[in-house]
Amino acid sequence: MSGRDWLAMEEWSVEAVDALLDLAARIKRGEVTGGLEHKVLAMVFMDPSLRTRASMETAMFLHGGHALCLEPGKGSWALETELDVVMDGTTVEHIIEAARVLSRYADALAVRSFPKGTDWAVEREDHTIRNFARYATVPVINLESSRRHPCQGLADALTLREHLGETTGKRFVLQWAWHPKALPTAVPASAAIAAAHLGMEVVVARPDGFDLDPDDYRAIGDLAGRRGGSLTITDDLDGAIDGAHAVYPKSWGALAHFGRPDDERASRDGKRDWRLTAARMARTAGGRGIAMHCLPVRRNVEMDGAVLDGPQSAVIDQAENRLHAQRALLLELIGSGS
Amino acid sequence: MSGRDWLAMEEWSVEAVDALLDLAARIKRGEVTGGLEHKVLAMVFMDPSLRTRASMETAMFLHGGHALCLEPGKGSWALETELDVVMDGTTVEHIIEAARVLSRYADALAVRSFPKGTDWAVEREDHTIRNFARYATVPVINLESSRRHPCQGLADALTLREHLGETTGKRFVLQWAWHPKALPTAVPASAAIAAAHLGMEVVVARPDGFDLDPDDYRAIGDLAGRRGGSLTITDDLDGAIDGAHAVYPKSWGALAHFGRPDDERASRDGKRDWRLTAARMARTAGGRGIAMHCLPVRRNVEMDGAVLDGPQSAVIDQAENRLHAQRALLLELIGSGS
Amino acid sequence: MSGRDWLAMEEWSVEAVDALLDLAARIKRGEVTGGLEHKVLAMVFMDPSLRTRASMETAMFLHGGHALCLEPGKGSWALETELDVVMDGTTVEHIIEAARVLSRYADALAVRSFPKGTDWAVEREDHTIRNFARYATVPVINLESSRRHPCQGLADALTLREHLGETTGKRFVLQWAWHPKALPTAVPASAAIAAAHLGMEVVVARPDGFDLDPDDYRAIGDLAGRRGGSLTITDDLDGAIDGAHAVYPKSWGALAHFGRPDDERASRDGKRDWRLTAARMARTAGGRGIAMHCLPVRRNVEMDGAVLDGPQSAVIDQAENRLHAQRALLLELIGSGS
């Protein structure tokens, strides 16, 4: 019964991802209409959203379909995500039933669920999205899980292709940034995987103690290697940015302190200078490298307003590309011609 | 101005309900398209929903219409439900105005409002949904009120017809189940009414002190009698299940303690064994009776995971049938051919 | 890139507003269909809504389009509205990015943002809606800002034309009303501007200390003067109502105490008689003047139930006219023929 799921970009073949990017570019040029008539996407948001909800709902509508937006714990019942539990506590509906039932109403499910626990060894298994996919009988789309945000990654790749043209061997810097909170690693990992897919020279510039999960480094390095690129990890931010073609500042929490907020916060102390400034953007290739961000962005904290509002900023194009990337994805997964 | 309302199944003629069930079956087979073009359904949720919202919104879309989802007290204004009140407290909009105004925007209204008060003598009058119907000038659909959940009942009846074929005289057990909270009686009453409509031998198996409202028993018994069935009330759960064709575990609070949570909770003490287990399902007719539930269900509390995931479970079909039953209802109430 | 914005009725030419009213009347008669196919409206609600959301969403649907409903701080990220801020506090997304991004997904944005601050000198600048309009690259529609609610004003004007026919020189009384809370001035200012647009004799009847902002009086007086009407301010409520053609009771807080709730509340003490009663409605022109309100209304506080439910009430027509006025506005701003 189940079609393919879109849980992580690296789980699809590189040919299939390239085909999605080609289709997204054609859609953006206005060459593709219809294809989702009478189709329903059920979105389950366990965490907030602006771009994702707006772009998914718009994507379905523009091709004749409809997106439902369910928010467990707010308008919908609080969902239980652990298997094998006696549900006599606060959760009132199990994701097993939610996934099975929504599969009867909708042609695909889309789920957002940020990491919630206190143990990275558990959260890194990405149980919630994986269990949705296990019990759903229609394709499941990841709208950001504990580990991945592949819709964002697809938009990132589309934006890099648009702005840089040929991407192989060009330098993509994933820059750790200071932020008042410990954020998840799903977006930075997915962005680096997208750059790896494009065969770029991926540089992760982060302070000691702020490494991504070893599995993420392996996924990025393997994919980059197969596509003619590479992965380098450094704590020399300015050196990384020198000559870069794209800089993607993004904050994430120290995984070694996952679930211990006070320790984690202390590990970020004194690092507010890990911020993308206009001076740093001037060091990029020809002074014309692009600045990227998934949004929402903390102005003057992760990236200066002068960069966000300046000519090198690609962040609004990147957000727009969420729409086109997801239109391609939806047509591929549940389109009437798929 | 006003069309018919769908507030309680037993308020419609048995012929009209049978016609809805026949239409729902045709819809499920894919034989009915369109009919709700340019039609708007305004849904007012005073309480949470997953299936109801998702299935109603999908139902409208699949036939060309649109469902609005309003949540008073969250995105919308907190609604006053008492008549003749000086509104100088916390509520900011009266349901009189809400019903009248939404009737100008939409072709039908649909309202969910669980019992909130502390006095069953008041709540049993079902004032909120009845007042919406009184002041609306378009049909009003009950999405679960203090007393009834007739959309669920319609889906229950459709499921029983599908799984059992001829239903007259077959045994339907409404089984009280332990639950950590005092739940409303709307779903169990409506399920038993649905089984009564099908002429089944309705058995309500509950501990002493957990009777449904006398009016509910009267409605169930009267309808069952007219349709060739019967109503029995017992505290012998295993005896009731012996040879049953369908078992519907469902919790509800003791009405004698309505609005007094501590007393009510104490009355549930020691009754965690009122749970639908695989051993009990083996006692059903030929060991092949079906297990039903409206969902959301507390796994391993109301019903064991082994039953929910096993071959006798009809709960996912039942949830799917919400969609088809409501498509039939909407076409009947506001369809362009109605 | 940007089309026209709809931020305040008085910022459009009187001819353009008259054309909107004419189009709305034709739409209400069923003479206009389609025009918004494949169009998306992104609504951003920073405050609750029933009529506005329901009527906007219905308006888009009835002409083939789709409305997104985003609620920052609930399902969406909390928005920062101050420019030039270091975002290391609780807000996670700036309206600059929100406006720019939503402009890439939608054909128009619509924003509701009530006054929040403690300083009227700041709030009266209407920064939030003005900044949305500044950074959006598509038309922005005001769904009620600190200063204006022009969609309500348009519906008010349509209702006055319908009920009174020729409006020039007829008397419109904006009546201050007691209310348990200090409400904003956006609705009363916009209603008086609508009546001024129709060339009416506008009378603001309020207790001393409850004047609208001087700019509002200037806008009302200037527009009334240009259209053959006038503006009078009085504390003689019964005298104002004698012979009036329309009475619009509405509460608003004393601007002199803006942001100081205790002082403001004290200034309302002893004024509960500023309520629209049946006796007062009998004093209107021929005893047949109409009673208006934007809704939600506090029954028996701002207006008696006997007036709301009586033959002189125009409040439900007024609410219905929100739909037709907004259909006209949307067709004008983003319709395929516009």
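Note that the chains are named A, B and C in the order they appear, and that numbering of residues resets to 1 at the start of each chain.
As a convention for this text, contacts are C-beta pairs under 8 Å (C-beta built on N, C-alpha and C of every residue); 3 or more make two chains touch, one makes a residue touch a chain.
Just so it is clear, the structure is predicted and the values come from calculations on it, not from any experiment.
K.L.:
Quick check: superposing chain A onto chain B on C-alpha atoms, how many degrees is the rotation, to the nearest 5?
P.N.:
To map chain A onto chain B, rotate by about 120 degrees.
K.L.:
Specify, for the interface formed by the sequence copies chain A and chain C, whether it is same or different in terms of residue numbers shared by both sides, with half as the dividing line.
P.N.:
Copies use mostly different positions to touch.
K.L.:
Express in whole angstrom the distance between the two chain centres, defined as the mean CA positions of chain A and chain C.
P.N.:
Using C-alpha averages as centres, the distance is 40 Å.
K.L.:
Show the residues in chain B shared as contacts by 2 or more other chains, in ascending order.
P.N.:
74
K.L.:
If you look only at chain B, which of its residues touch chain A in the complex?
P.N.:
Listed in rising order, the residues are 45, 48-51, 53-55, 57-58, 61-62, 69, 71, 74, 180, 295-301, 305, 308-309, 315-316, 319-320, 323.
K.L.:
Which residues, counting only chain B, touch chain C once they are in their complex?
P.N.:
Touch list, chain B to chain C: 38, 40, 42, 66, 68, 70, 72, 74-77, 80, 84-89, 92-94, 96-98, 100-102, 104-106.
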